[in-house]
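Below: a set of structures, written as C-alpha cells.
Two complexes follow with chain A in common, the first pairing it with chain B and the second with chain C.
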Partner chain A sequence: MYKGAQIITEPIGKEGDLMVLNWGVQHPASGPMRIKVWLDGETIVKVENDPGYVTRNMEKMLEYRTWENAVVNVERICFIDDLGTILNWALAIEKLAEVEVPKNVEYFRVILAEVGRIVSHLIGVGGMFGALGVATPMMWVLSLREFYLDFLEHYSGYRISTAAIVPGGVRFEPTKEDMELLKKAIKETEKRWPEYKEVFKDNPTLVERYKGVGIIPKELVYKLGLRGPVARASGVAYDYRKTYPYSSYEDFNFNVVVKEEGDAYARFLVVLEEIEESVKIIKQAMEGMPEGDKWKVRVPKKIKAGETFSAVEWARGGIEYFVVSDGGTEPYRVKISAPSFMNIWALEYIAPGHKLADLATIFASLYICHGDLDR
Partner chain B sequence: MDWGWILFKTLVFPGLTFLLLVIFATFYLERKLVADMHGRTGPYYVGPYGLLQTVADIFKILQKEVIIHREADKLLFLVVPAVAFFMVALVAAFIPYSETLWIVSTPYDLVISLALLTSLPAIFLFAGWVSKSKYPFIGGIRVINQLISGEIPLWLAGLSVALWYGTFNYVEIVQKFDLIGFLVNLVGFVIFLVAILIVADRPPFDIPEAEQEIVYGFLTEYTGVGYLLLAGAKFLEIFVLAAMTVTLFLGGFKGPFLPGWVWFLIKIFTVYYLAFAIRASTPRIRLDQLIKFTWNILVPLALLNIVFILVIKAL
Partner chain C sequence: MGFENFVKLMKSYFGVEAEEYPQNHTAKTYLFKIKPEYIREVAKLLKENGFDFFHTLAPVDYSPKGRGLELNYFFENVEERIWILIKTEIPLDNPEIDSLHDIYPSLEACEREEWEKFGIFFKGHPRLKPLLLDDTLQGRWVLRKSYIPEPHRK
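This part shows the complex of A and B:
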C-alpha cells in the first residue's frame, strides 16, 4: 500500500531473501516493457519500471519531416487514439503560423477527437477486464468499436492511423455518408450501452478485484504530474477541454468525470463514464455543426521563426507539444510530453504491498499506451 | 472373463482412444462455446464446422522441439507430464457409462477417485519445481493453494453423497439415484460444482495458470509432447470431474429411451456448458480471496450439508 511519497532506494534484504521477477519484456500482460518486481512470497516489496524497448526517437524524426508530413509520425505516438495527437499537432502549427481555421472545421475536429477517445476508451475498458483473464468484455467492446472504425475508414480511408486532421483543416470534406455512419455508430452505442454498463460496472468479481487496490492519493498526482483518467480518478478535476478550451470545446456542454477514491475501480469508472460524455459531445457537435464549405485553409510551406506550446486532452490524458521553428519547411525542435510516460511512474509508489496478482490490475488501470511510453 | 471385451474397453471405449477424443472434443467445445458467448464464430475454416482445427493445433504442438531448461532436472521434467496424464486417466477408468460399460468397478470407486485427484496437485507442483524457472515455480506453489482450498469441499461434498446412498460404488450410486436423492443432495451439488472449478483450475479460479500474472504457471517451460500431455491431463481432469458430478448428483447414465452412454454425454455437456459460461463471464479472483471464500463459506456449508444429510437420513 502507498506509504508516503517515497520509493525504497536502499538495497532490500540479503541476497536470496527476495525473488526478483522480470515481469516483461515477454509477458502476456506487460506489453513491450519490463517491470522488475521484488517479491516476498506473493507480496510485492518493490517495483522498478524499465521502459524503452520500442523507442522510435519520434521527436528527432519530426525534425526531418515537413510541417504537414509530420502528421503521419505524430499519429503513431499511439495508434489507438491517433486523432488527439494529430489534432494537437495541427493546433500547434496553426498557432505558429498564425492561421485561423473556420468554425465548421473546429467542430468536425471535435467530432474526430471524440471518436478517437471513444475508440481508445473502449479498448481500455476491455483491457482492464483482460487483466483478470476474461476476454468477453474485450470482444464486446471491439465489436462496438467496429462501427466507429467504419466511420473513420469511410472518411479517411484508414481504420487506424487515419491522418484525418492536417494543419489548416481536416483532410477531406465530410460527406453525407460519413455522417450517416457516425450516426449509426452513436445509435448502436446508445442501444448497447445500458447492457454493457450493467455487465461491466456492477460485475461483482471486478469490484472485488479493483476496489481499494492501487490507491493514488491526491498529493502523488501533483508530485508526479499524473494526467488524464488517472488524475481525475484521484479527485483532480483537470481536463484541458475545460481548463484551457481549444477547438471550440467551450461551446459544448459536458461534464468532467471526477472520482474521489483514487483506486483502480475509480480509474475504471472514469474511463467507462467518459465514453458517455464523448457521445454527448459528438451529438452536440453534429447538431450544431455551423454552415461552411471551406474545410482547409492554406498553411504556408515555410513557417516564420518562433516557438509555441500546445496541449489537448487526449484519451490517456493531456498531451503537450513544444514546437520551435527556425523559419524553414520543417520543425527545428519538437518536445513531446505524453501522459503514459508520466502515469507509469505511479506504479513504483502504489504497487508495493499488494499481491503479485494485483500488479496486472494496477498496471491495466493506469491505462498505459506503450506507443507513447516509448516515443 | 472375456479378455477381448476388457481389452476393447481399455483401449477403445471408454478407454484410451475415447479419452483422446475427449481431449479433442473438450478443446473444440470450449473454443466454440466461449466464442459464441464472445459474439465470435470460433474455429470455422479447418474441416466441417472447424472440427479439424483442434487436430491441426495438436499436431502443430507435437512438431515442436522439446526444450529442456539448462538447470532443470531432465528425467523428472520429462516424466512428470506422463505421470500426470496417467493419474487422470486412471480416475477415468472408474466412470460408468452404462450399467455394464465401465473398465473398473470396485466397492471403493469414489474414495479411490478422490484420492487420485487429490494427489494430482503434488504432480503439478513437481512440474513447476523441476522446471527451475521462476514463473513455473510460483505456479507450482499456487497449485498447493488450490489444494488447500479446493480439495476439502470436494471431499466433503462427494462423501455426503456416499453417506446418503450408503455406498462408494458409482454404479450402485447411479442405480439408487431418484428425485428425492437429487433434491437432498442439491446443496452438495452446488458445492461440488464450485469445488471442481477450483480443483481443475477453471476460471474464475484459474489462479495457478493466471496468464496475466504468471504467464502459464507450471506449464510455462513445457513444449511439444510434454506440454501436450500436461495440457491434456488438465482437459481430462475437467472431463473426469464433470463425469463424477454427473455420476454422483445427476443420475449418471440414467434416462429414458436413449442408451446410457448417450445420456451420460448429454449430462456431461450440460456441466461443460456451465463451466464454459462461467469462464466467459467471470473475472479471476485473487488467491487470498479464494482461501477466504472456501474456508469462510464453502467448507462450513459442506459440513452443514453433511449434518443435514445425516438428519434427513435419520428421519
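This part shows the complex of A and C:
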C-alpha cells in the first residue's frame, strides 16, 4: 500500500456505550450503499458513508471508447435520467470540436432533457414515500411515468437508456407520432396533477415524518458544495438552466423552485414542484419549435487536442464533465463530477441527533442516485 | 470586487497573472497556473475573496506526454458569477500536495477519491482510506495511464 493508507478493520456491534449498526446494504430504503451508524439508544451519534457497491470506474472506461460510442457509457451514469448526462456529453464534444448545432436541435434537446427530469423526479417523489413504507404513491407516479416512457420508446426504441442525444445533434428526426405521444403525456399529467398534488403535498404521513427533519442550513450548502434540489431547498437559487443557460434555455419562461426551510419536506416540495416547471418548459418548446430539417451535424471522428469543461442542470443537480482530447479518436481523460457524490456527505453533518427511524427519510430526501455516486 | 482583489493579490504575492479560460463554456473563467507548494495559500486567498463554492478537482495524468500529474481545481464566486481554475502540476514519482480539506470541506471526499484512483497523497488529509474501489484494485491507481485494465479483467 502507498504511504498514508490506513486500512481499518471496522468493528460492528458495540463500541463503548454506543451500538454500531450497518444501515444498508440490505435495508429497503438504502439502495446499494452502506451507512455505518453509531447509536446511543435510538439516537444517532455519528454516521459514516461507505459507498462503492456499484462502482464501474466509468472515467477509465471512457478512455477506451470513441467520442460517439461514449454516449452509451455516459447515459448509464444514472439510467433514470439518462438524457441530462448525454446532453452534457454532447455539449462538451461539440465545444471541443467547434461544431454548432441548429436551433431546432437545441429545442428538441430541451424537450428530451425535461422529459428525463420529469421521469426522474416522478420516481424521486415515489421513492420519498417508499422510504416510509407507503407504496401507493409509487404506483401512481409509475403509472404517469409510463406515458413519458411511451414517448421515449417511440422516439428512440428504448424506454430507458435511450441514447437519444448524440454529439452533433439528436439520434433521429422527431416524427408527428412522437409529438402526439408527448402531447398525450402532457395532457395526462395536467389532468392528474391536481389530484396527485393534493394527495402528495399535504399527506399527513409524509408531513409528520419529513417536516423539520434533517435541516441543511444555507452555509452548509456552500461548505459542502451541495447541488440541485438539495441546495435549492436550503434557499440557494442555483440552477444552471437559469444561472448559466445552455442549449437555448434562455428562451423559455420558467421559475427556479426555491424553498427557505432546508428540511426534508422542503426538498420533497422542490422535487414535486419542479415537475410542473418542466411541463411548462416542454409546452413552450413544442409550441416554439423552430423550422428546420437538419437534425444532426457532422462531428469529426478525430477531435483536435484541447480541453473543455461543461455543466448542465441534471435531475439531481449540476453534473460537470472535464474532457481532455489529445487529438485522437477517443478521449484522453474524462472527469465526471456528479451531484450525488457531493450531496451524500451532507448526511454525516445532519443525521446526528436524529432518531434512527429518521435516517431513512433524511437519506431519501437527499435524492441520491447510487449510479452517479459511484460512477 | 472579490475577483479584482484576488487578481491583485495573486500578482503581488506569487507573481501570477490571470489568463482567460474560454474552454469553460458554462461560465466566465480565469486560469491561474501556480506551483504546487502554494496551493494552501492560494486556497486561503480564494476563500477570503468570496470564492466559497468549490466545484470539482480533476487530475490528468500527462506522463505519456512527458509531463507529470496536472491538477485542476474549479472554484466559483457565486455572487459575482466568476469562476477560477487553478492549475498545478506535480511529478508522478513523488505525487504529493497539501490537502485543502479544512479550507474547503467539500474537497475532502474529492481528494479521497483522487488518492484512491491516482495515488496522489494529500498531506494532512484526515481519512485517506478506500472509498469507492474494490479491495483488489486498491493501490493499483486505476486512473493513471500506466494502468491497463485488460489483464485484470476476470
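Please note the rule applied: the second predicted complex is superposed on the first by the 359 of 375 C-alpha atoms of A that agree within 3 Å, B and C clash if a C-alpha of one lies under 4 Å from a C-alpha of the other, contacts with A are read in each partner's own complex, and residues count from 1 in each chain.
The rule we apply is simple: contacts are C-beta pairs under 8 Å (C-beta built on N, C-alpha and C of every residue); 3 or more make two chains touch, one makes a residue touch a chain.
Not measured: the values here are computed from a predicted model.
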- Query: So, on chain A, is it clash or fit between chain B and chain C?
  - Reply: fit
- Which superposed partner A:357 touches (first chain B, second chain C, both, neither): first
- Message: Quick check on the superposed pair: does A:19 touch chain B, chain C, both, or neither? Answer first, second, both or neither.
- Response: first
- Task: Report the partner of chain A that touches more of its residues: chain B or chain C.
- Result: C
- Superposition-derived angle with apex at the Cα centre of chain A and sides reaching chain B and chain C, degrees in steps of 10: 130
- Message: Quick check for you: in the superposed arrangement, does A:130 touch first (chain B), second (chain C), both or neither?
- Response: first
- Once both complexes sit on top of each other, what is the least C-alpha distance from chain B to chain C, rounded to whole angstrom? 24
- Task: Identify the overlap between the chain B-contacting and the chain C-contacting residues of chain A.
- Result: none
- Query: Which residues of chain B touch chain A in the complex?
  - Reply: 34, 37-40, 134-135, 138, 203-204, 206-207, 210-215, 279-289
- Message: Touching residues of chain A toward chain C in the complex: what are they?
- Response: 1-8, 51-52, 55, 57, 59-60, 64, 91, 95, 222-225, 236, 238, 240, 243-244, 246, 306-311, 320, 322, 324, 326, 332-333, 335, 337, 341-342, 345, 374-375
- Tell me, which parts of chain C touch chain A in their complex? 23-27, 29, 52-56, 58-61, 65, 72, 74, 78, 81, 85, 104-106, 108-109, 113, 115, 117, 119, 121, 125, 127-134, 137-139, 142-143, 147, 149
- Query: Can you list the chain A residues touching chain B in their complex?
  - Reply: 19, 21, 27-29, 42, 129-136, 139-140, 143, 203, 205-206, 208-209, 355-360
